[in-house]
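Got some structures for you, see below.
Look at the two complexes coming up: chain A is in both, with chain B in one and chain C in the other.
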Partner chain A sequence: MATRPRITRRFPVWTGWVVALVLFWALWSYGEGLLPWAFDYPKSMRIPAARWISAFTKWLLNEASFGLFTFAEFTRFIAAVLDVPYRFVLSLLSSGFLKGEGSQAVQILPPLSWVAVIGSGALLGRYAGGVRLAALVAGCLIFVLVFGQWQSAMVTLASILVAVPLGVAGGLLLGILAFRHPWFERAIRPVLDLMQTIPVFAYLVPILILFGFGPTAAVVATLIYAMPPMTRITELALRRVPSELTDLGRMVGCTRRQMLWRVMVPASKDPLMVGVNQVIMLSLNMVIIASMIGAGGLGFDVLAALRRLDFGAGLEAGLAIVALAVALDRLSQAFARLRPEPAPVGGIVARHPYLLSGLALILVAGLAGLALPALQRWPAAYELSTGTFWSRVVEWINVNFFDTIEAVKNAVLLNLLVPFKRFLGGLPWAGVVALLAYGGWRLGGWRLGLLVAALAGLIAATGQWEKAAITVYLCGISTVFAMLIGLPVGILSAERDAIWAPVRVIIDTLQTLPSFVYLMPAVMLFRVGDFTAMIAVVAYALVPAVRYTVLGLKSVDPRLVEAGRAMGCTQGQILWRIKLRLALPEILLGLNQTVMFALSMLVITALVGTRDLGQEVYIALTKADPGRGLVAGLAVAFIAIITDRLISASARAARARLGLEAA
Partner chain B sequence: MPKTFLKCGLAASVLAMTAAAGWGQESNDPIKLTLHDWTGQLITTNLMGEVLKQAGYNVEYVQADYLAQFAGLESGDLHVAMEMWETTGRDAMDASTATGKTEVFGPTGMKAKEEWWYPTYMKEKCPGLPNWEALKDEACAEAFSTAETAPKGRYLGGPVTWGGFDDERVEALDLPFEVIHAGTDAALFAELESAYQRQAPIMLWIYAPHWAPAKYEGEWVEFPEYTAECYNDPAWGMNPDMAYDCGKPFGEIWKVGWAGVKDKWPGAYEAIKAFTIDNAEMGAMITEVDLNGQTVEQVTAGWMAANEGRWKAWIGQ
Partner chain C sequence: MTETPANDPSEGAKLVCRNLWKLFGPRARETLTALGAEATAGRLSAAGLVPAVRDVNLQVREGEIFVIMGLSGSGKSTLVRLMSRLVEPTAGEVLFHGRDLLSASEAEMIEIRRHKMGMVFQHFALLPHLSVLDNVAFPLDVQGVARAEREDRARKMIALVGLAGRENALPRQLSGGQQQRVGIARSLAVEPELWFLDEPFSALDPLIRREMQDEFIRLQSVLKKTIVFITHDFDEAIRLADRIAIMKDGAIVQQGTPEDIVLNPATDYVREFTRAVPRAKVVKVETAMRPAKGEPPAGIVPARTTVAEAAPMFLDGALALRVTGAQGETLGHLYRDDVVALMLGG
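Take a look at the complex of A and B:
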């Protein structure tokens, strides 16, 4: 023992933490009388950011100009450009091609009949993934059809078909730029965080004014919200392309462009497809909010049904959204896996069998629809409905089990949620800022410490501290629960495909089923309040926790696992010592995304009456006060950025300690 | 196909001609009416839209959020919003009309009623109701309590965005109640449905015209009647030191819209201003749709058939 080298540092790492925590505790317990300003930020020193932002938006909307045209004219132009493909797809799927406007419009050509749409979907499925995929796509669409959701579903589908390709292309390009230019990566990271975490309600009013009222504004809002994960994943995926491949590319003399598009992008196809999946899912997630600003479709049906407490109708419309999501997602995944085949020789028929049969189908179905209206539009008499079944299920649970549920809920609420909320609410802001600064400095140097302290300080300085504390409490507890459930489920799913298949369906459902559908029954059973909000947040934030864990574990190099096995590792050792460690970057990205998802649910939790920043944003929307909304929205984003930076820094520190990466 | 073409074309030209004949030169662009997410508003808007169509106007329904729509109304992207409640939309409406780009098209004739409400079965536990003074009794308040609020009663208020001054009211009238705010009205009625199914205690904010008072048996608490002084002047009422020691106001439901409607469609402007309907009619129609499963279109068609004289007068026929 005497030979062990002595620690050369004079103080171990943890002494600093102990001192910091003791100081913090001293301030918290004895400081209130001495330093009242550390607990309540003095009103006289508040930064009037809300007023500034309001003035700025006013200027942007009314006066900002590029010389030849104003900013508002510029955005209106973008809206007009976006409107062209949207109108076309909408005409094709839903309204038919019209001449004239409004109630006097005359239909020149009817929209595609349900026969044609389902048939084309099945053909696409057959082409990309064989008979099973064809059956799946057709099944999803038939579900939408027989439950009477067709008209609304086609409106929703039209906006998704416009938003998703734009989101994927935009995200890919930004990701590539970020990969190529480190300065761009540094610049865009906070922007991505802002895009994903500022609640949509906060910038809804300016967007409506800039892009006009209607579906195009909804598409823009959807793009802002759905693009960031694609960008992040693109960048991460390109970085992880094995160097053997890029070396090979260099050896065979690829140009920079060839290297990117022929080597790196194809090599990172799997993670990129996770990105595409996320864009589709997040776009469908915006369906409810999009319907509030004029997009109509299934989102509107969900809202309207729940306002009359018709749970069955809400669930049917919600599941129609899920069905669309599943069909689109599986199709896009299959297309990505498609390997180019040598073109068959022969006439035009032999070369394009699918395209031609699709066109023939559309033509025949269209003509048949004119003769037999039931083929153009599914007759209402044959529509299925669950009617009052779901309402009665909820009633039955409510009448028979309410007391038990209430007891459990009260136990969790009074023993866990309320104490934690009080604890966070009572902390002095100055102490928290100092502690965060110290943590940032220890984990990632003085720059990080400064950034974290500045952001936290700004939250206090704009008068959002109290609401921010409630936000942190709700999202923090929900994230913990989501990770506690998500990690084990993700590990199990990655190990066994038999589990992954159903889990995938469940998490896709959770991510696309509008939370409103289960929120209102939850209100009936758990009453209005934090507990109900927590259920909604956990259900939604669970998704990335599972998805990224699976992604990370599955992309572990199988040779390393083999090597581990050859060296005599047990299954448990392979999992803990090899797979989980190598998958750490993805799992941490998953944690990061779980926090982001939890924060993005704040808008929804405001709808069940929490008193956090989400509610502040919601109030600002109803008062049409862009400044107030954006200040609260930015506070949300700051919380997200602080969490993100601290998580990344501690991940880097951990990996450096483990020898995976230079410090 | 050619046949349908012909029919549609004919119908359109007939409509166009009547428009031209009835109102001189008016724009043939569609008048965009906003639809929100509650039944009463859908009915009101559909009624107005159908009446305008009868007068030969081109009408388009656009889904829009109740409050976010003001952005569209100001820019002229949207034209008419048929229900703007004094009680919930007043601030946004005032802010918008102050810009001069929107204007109020007058009251719809319906009156918004909002107040504390309880199911009839609660009268057994609290016999003094509907008089508000019964709520001051501790046993009565406790009957309305839950684990979180006990011994105080629990009052489920509307979303904070609705305002309503319930926190102030509880303080001014010294009621042993705690105010919990629901986030949306869907949450509000979900709680009512839940409690009603179990015949459990509940006290909450209910408004009319709505289907809830038709579906559930209950009544509104009778507070000291609202006057403007009560809200502005602390000295008024039983609590000399605080305002809000009275009930909630009845409010008009307004029609608002883009200021350009008057010049672009003068005839439609007159028709929209003339539109009126009352609470009883609207309540009956909402009940038909939300509880008896009729569609909004069926109900509007029914009203149009029964009240031909009235709506024809709005469009000057």
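Take a look at the complex of A and C:
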């Protein structure tokens, strides 16, 4: 592990910081004339990484070959293989089974009727979590139905139903490989780190080029996005199987395969199901984003509405996404909690009541749908739409409160956002890199300093410094606001259960919402621009700020609080002097997560016209320029890694100081 | 099969450990070879090694309960895992029926474990997703025994441990004691020759523990297995053992029958354990008796009874009892005064 630097005894710890900051300030104030290269990275020294990557992709596409077949043929093959299950599920849920091509297609078998889908959903809910869950799932689906989002929702659901099993299986296999072979684990870990920090837009471009535009490319992107957490959870879960169980496996003479599939995997069912839930939620999030490369469905509706600023339509599609997300999340969580029950004895009907009634329902509903079309397809006349209502509300707000909103927005922009942006933009890159290196060295030793400096240097060397500064500025301000709101809410929630109960429901729900959804209300009220982006990012990043604060405060040893009370501390003293100090490491972790959430949301806010790295990635996506997109995406990942490593190092230092962990 | 010399004292022993070592740490084997006879605990830890088991020699005889007793960290759990080769020894030999287990291939070990060995674990190690029946049948399932046969055998084992009727229950629906009964049934399902029990009752409440010990004694009187039993509880060791080995810091400090150990503790460490043990509960009648002399007394007591068990027979005022061997022959007389002295002496 990183060794803590030896601290010179002659000077207090902070002298080093003072010297470093003074040097930095001197460079910033007086250096521009003397050392212009420290402010503006010289163009001649730039690393043309974007060109290299583009050239490489071109080579992959046109020339790379495995001998028997080319790389392009290989990717097209994967797309074709994925297309088979996708077509099947899509036919089942949405389009029906067709014969023939294009407009001459004849439907041989209609898709599942809405009655069948809602009924099956309710049955699944009843099986996994009882009547209440059944009602919730049915309610969410009925909401989607009556608001006229059914067709899009089924397209989205089809992508998820294909992506999730593949993502779970793939993650499971990779996790098992990582568990069995340490070299594989070492090889895959940095890749996983990068996959989780690189913004999704960045790898949409290469996928678009390699797999073509369409739903299957979206499924590939979803798999890449959703697999890393499953891989990690699998590896961790297998490592945590009690040694007694593996001893048992060996004592009864299990072969390696029996040990894995008969003992270890079943014994880690609980954490693995958490992984499945993660895969489902991430897939949902990604399927929405992937509508940009042709996934269609609800994501496409939101995107289209955003582009033509039709808030009502966008909000409805967004709410349909929320309904789908809530239903899927609660269902998968209920399945994770499901305990095996003693198998009922009896005939096939007694043993599989749910399966058989589901099949019966589908059959009956299908036949009824043939007789009564309204049961097959919800009649458009009964569809509700609040689209115009919401548009009117926004209109009304804008007519009546335009001046107030505009005043607030402008005040924040002019007094806070713009000055901060200018300040960051004017800093010399060389000075920042040096300062980061110093900080890394002080917090986590020379390795960390070197890593941090190298990553920051690479951002400058690939010519992204200015855009990165804008990213840091938006992310920084949003994080500050999120913490300013999240900390007090977290503290209040930790102190009073009456507050925690509703707050918990709210943040649990917020967490299941795909990031896209946050944009809608912000755009509705504040239109496009940095301020809107900031509002959306703050809303999205609030969850970890609250959650980790509560977690940290609640996990403070109650005996220490009691000791404080026995010494006569007031409530305030207990909070400030005992609880917050001890909860500091968790709060720092919360800060870390807040930054990560903010960064991942920031890229999406490119849609509302920011000028940062996210925009760069987004532009690259629309121009199908893989080099530009990946380089900007990697820069975002580097910012994330730098922040993560620095904050983690200080959290570790804090834990060591508190004696919670060996230094 | 390797030949065992005719005069080898280990003849007739089911399991023999010779100069068995387990050191954790880098380059353990080389360091041990280099140090040779000078491998003391201090030198080993100076070399960065953690000695878990040091130079253990023991024999487990056919049909006996061999208890390995030690406090936590004494290496007893590692030792039992060395015997079944779940942990690879650093040096030494483990002979099972005279065959060195350490030279067996992985496939041979799987065969030996599948058919000859059974193990019970401290925390039961039941598979949470399987019913009681499937848990007990699991070792047979792994071997590929057909469903009807393995379930039939599993049912018999479940009945043997007194859980008939709970076959379809899941582990989480059972109490700790019941879960361990399942663990016992499972380890017996393959009819092992050698039965390892790794602190089987330590995770149970004291009352349940007592009940399970009685159950264990009852089972053994039916099954007559060769048993290696691990415990940190000296009273449990005294109660169950034919012979005990006491471990400290990875080495065996004393081996012998419970009576030996209580009457002649080899070190102060052992004496600490024996201090609280009432002698009368350990000392057998054959040790406390005197040579037969004069008129034979009316009452009869078998030689293998403990003094505490024999004591109530003096309640009707008898002054002496006749001590008999396995064939009913008179071995000596047990006098009331000796019994009283022993019992009052604590």
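Here, the second predicted complex is superposed on the first by the 459 of 663 C-alpha atoms of A that agree within 3 Å, B and C clash if a C-alpha of one lies under 4 Å from a C-alpha of the other, contacts with A are read in each partner's own complex, and residues count from 1 in each chain.
In this text, contacts are C-beta pairs under 8 Å (C-beta built on N, C-alpha and C of every residue); 3 or more make two chains touch, one makes a residue touch a chain.
Computed from a prediction, not measured in an experiment: that's the story for all the values here.
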* To do: Would you check which partner chain A:Val263 touches, where first means chain B only, second means chain C only, and both and neither mean what they say?
  => second
* Considering only touches as defined above, state whether A:Leu204 meets chain B (first), chain C (second), both or neither. => first
* Which of chain B and chain C A:Leu245 touches, first, second, both or neither -> second
* A:Gly214 contacts which: chain B (first), chain C (second), both, neither? -> first
* Asked: What is the contact status of A:Gly253 with respect to chain B (first) and chain C (second): first, second, both, or neither?
  -> second
* **In the superposition, chain B vs chain C on chain A residues touched** => B
* Any idea which chain C residues touch chain A in the complex? -> 81, 84, 86, 110-111, 113-115, 117-119, 121-125, 127-131, 138-139, 141-143, 168-170, 172, 187, 190, 196
* Asked: For chain B, which residues are in contact with chain A within the complex?
  -> 1, 5, 8-9, 12, 15-16, 28-32, 37-39, 49, 53, 58-60, 62-65, 67-72, 74-75, 77-78, 91-92, 95-96, 146-148, 156, 159-161, 180-191, 193-194, 197-198, 200, 211, 290
* Mind pulling up the chain A residues that touch chain B in the complex? -> 100-104, 106-107, 204-205, 208-209, 212-214, 291-296, 300, 303-304, 306-309, 370, 395, 398-399, 402, 406, 410, 413-414, 516, 519-521, 523-525, 527-529, 605-611, 615, 618-619, 621-624
* Asked: Okay, in this complex, where on chain A does chain C touch?
  -> 242, 244-245, 247-248, 250-255, 258, 262-263, 266-267, 269, 339-343
